[in-house]
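A short worksheet on the structure shown next.
Order of writing sets the chain letters: A, B, C and D. Residues in each chain are counted from 1.
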Amino acid sequence: MSTINEMLLNRGVTVEGIAEIVFLLQSPYNPVLTLEHCIESVQAVLQKREVQYALFTGIALDELAEQKKLPLPLQQILQKDEPLYGVDETLALSITHVYGMIGLTSFGYLDKLKPLILQKLNNKNNGIHVFLDDLVAGIAAAASARIAHNDPSAKRYDLPSF
Amino acid sequence: MSTINEMLLNRGVTVEGIAEIVFLLQSPYNPVLTLEHCIESVQAVLQKREVQYALFTGIALDELAEQKKLPLPLQQILQKDEPLYGVDETLALSITHVYGMIGLTSFGYLDKLKPLILQKLNNKNNGIHVFLDDLVAGIAAAASARIAHNDPSAKRYDLPSF
Amino acid sequence: MSTINEMLLNRGVTVEGIAEIVFLLQSPYNPVLTLEHCIESVQAVLQKREVQYALFTGIALDELAEQKKLPLPLQQILQKDEPLYGVDETLALSITHVYGMIGLTSFGYLDKLKPLILQKLNNKNNGIHVFLDDLVAGIAAAASARIAHNDPSAKRYDLPSF
Amino acid sequence: MSTINEMLLNRGVTVEGIAEIVFLLQSPYNPVLTLEHCIESVQAVLQKREVQYALFTGIALDELAEQKKLPLPLQQILQKDEPLYGVDETLALSITHVYGMIGLTSFGYLDKLKPLILQKLNNKNNGIHVFLDDLVAGIAAAASARIAHNDPSAKRYDLPSF
C-alpha cells in the first residue's frame, strides 16, 4: 500500500514543496521556524481523514479530466479551468477549516499569487490541476495555521474569575 | 440542449419532488404558501451558476461510481457511502450558502431525516447517490431560505438615525 | 482564573448536558459508547482555541443583549431572536468545522429539534441565548464527529500501490 | 431612518472606497469596467439582509471594544487584534459566500495585502476595526464575484442532449 505522500508525488507535488509555502507564510512571524518544522506540520495535516478524502476526490477529478472521461459539461469546465467554477475552492476550504478560520486569509493569498510549487501546478502545460492547486494551497494554509496555533509564545486568554 | 431539470430527472429527481420538501419545511411558518410557490423557488435556485456547477460535479461522481470508473480508494468510499466521507456535505453546503446561513439548519435536518424524495435517493437499490441526496437537500434548504428571505411579512430592521 | 466550563455553567450549561446530546447522536452507531466517553470528547472540543473564541464572542453578545447594551437594531434582533438572523449559525458552523464536515448534519438536526439542554436554552424565559443554543449544538456536533473519526472500527481507506 | 451606507460612513468607510477595491480586483479581467459599475455592485451586496446583519454585529463588537464595554477576555482580544482570533474572518466569509466561492480567493488576498481603505482601517490609530476591515474585504470580494458572475461574456456551459 502506498501513502498519501506517494499519491501527491505521482501528481508532481512533494511534501517539501508544500512545506516551502508554509515557510514562506509563517517565517515572517516566527524567526526560529525551520523547514523541518513546516514539513512536520504538513505531514500532520495530511494525516487528517477529511484532508485525505478531499485529496482523493479532487485528484480523481483532475485525472479523469486529463483522460477526458468526465461527462459534459464538466469535462469542458475543467479543461478550460473555468474561472467561475468554485468547487475547487469549496473543497480546499474544507481542508483549511480543519485548523480554524485563520487559515482562510493565507489560502486566498496563495490562490491569488501562486508562489513556488503552485506556479508549476497552475501551468497548463503540466496537466490538469484545477483541484490540486487549490488543495495544495489549502494544505499549506492549514499547516501554517497549525503552526500559529501551536506556537508556545501565542497568548492564551484566560477568563476572569466570576 | 437540455436543461438542469432534465439532468436531475435523468437521476430520478423532479423539481416537484424537491419543491415538496420545501413545502414541508416552510408551510408551518407560512400559511399561504403553495406548492407552486415552492416550485418557483426551486427553479430560481437551480438557475444559479454555483448550484449548477455543484450538481455537474456531484452527479458526475455518482455516475462514475455506478460505472466503477473512479480510482481507488474513492470508488470504494462512494460504493459504501462511507459515513466519514464529508465531501458531499461540503458541496451541498456551498449550495445552501447561496441564500445565507439560515438554510444550514434545514439542510442538516433533511440530511438526517431524509423525507420524501430523499428517502428514495438514499435507498442503495436505486443506484449511487452519495452526492445527489445531499445536493437535493441543499437545494431544498436554499429554496426554503429564499422564501423566508423574500416573505413580505419578514421584518426589516432599520437603523436608528445617528 | 476560571475555566471555559465555568463560563458555560454561568450561562446554565454543563459539560454533562452537552455530553448527553452527544450520546443521543452517537449511541445508535456505537453500542459501547458511554456518557464518560462523550464528556471526554466535549472537553477536548472545549480546549480548542477556535471554539473558545466563538464562545467568548457569542456569550458576550447574548449577555449584552440581556443587559440591553447593544446598539440598535442589533439589540432588537437578538431580543426577538429574529429567524432570518444567521450570525449565530455562522459562528456555530466554525465550531463544527473543526472536526470536519460530517458534523454539519448533526448540527442542523439539533438546531431544528432542540433536544435536552437545547430546549431549556431555547425557552425565552431563561434569558437570551440566541448564540449559546447554536454554539452548544455546534459543540455537540463537533464532539460527536470527533468520536466518529476516532472510532477504532472506522474503516481506513488505503491507497492502492501505483 | 438612516441607511447601511450611513452606518459605514460613521465608521469611516464609503461605498466609493469599497468600490475602488472592487475595481482593483476586477479591472484586470474586465477592460470596460467602470468605477460606477463597481459602486452599483457594492450597493447590491449591501442590500442583502445577510450582509447587513453581519455588519450590524461586527460593527457593534468593534464599537463596544472601543468603549471598553466588552467582557474579558473578549475586550483584550479585540484591543490587541489577536491574530489567532478568527471570528472576524468567519463573519466576513458569510458575506463573501453570498455570491459563491469564487470570492474566497479575493477575500484572502485583500485580507493579507490590505490595499486602499483597508490600510486605513487596519491602522490602530483610527479606532478598533477588528471586524470592519474583514467585513469590508468580504463585501469587496462579494461585489467582485457578482460582477464576474453577471459578466455577459462569461461562458455558460450547457448540458448535452441526453
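As a convention for this text, a residue touches a chain if its C-beta (ideal position, glycine included) is under 8 Å from a C-beta of that chain, and two chains touch if they have at least 3 such contacts.
In this text the structure is predicted, and so the values were computed from the model without any measurement.
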**Study point:** subunit D and subunit A - chains in contact with each
**Key:** B, C
Study note, to complete from the structure: Contact tally winner between A-B and B-C is B-C
Point to revise | Cα-centroid distance, subunit A relative to subunit B, in whole angstrom | key: 27
Practice item. Starting from the mean Cα coordinates of subunit B and subunit C, work out the distance between those two points in Å. Key: 24
Point to revise | Set of subunit C residues in contact with two or more other chains | key: 49-50, 56, 71, 73, 77, 84-87, 90, 93-94, 100-101, 149, 157-160
Practice item. Note which residues of subunit B are touching subunit C in the complex, please. Key: 29, 72-73, 76-77, 80, 82-87, 89-90, 93, 100-102, 104-113, 148-149, 154-155, 157-160
Practice item. Mind listing the subunit C positions that touch subunit D in their complex? Key: 49-50, 53-54, 56-57, 60-61, 63-64, 69-71, 73-74, 77, 84-87, 90-91, 93-94
Review point. Which residues of subunit A touch subunit C in their complex?
Key: 1-4, 6-7, 10, 48-50, 52, 56, 94, 97-98, 100-101, 149, 157-162
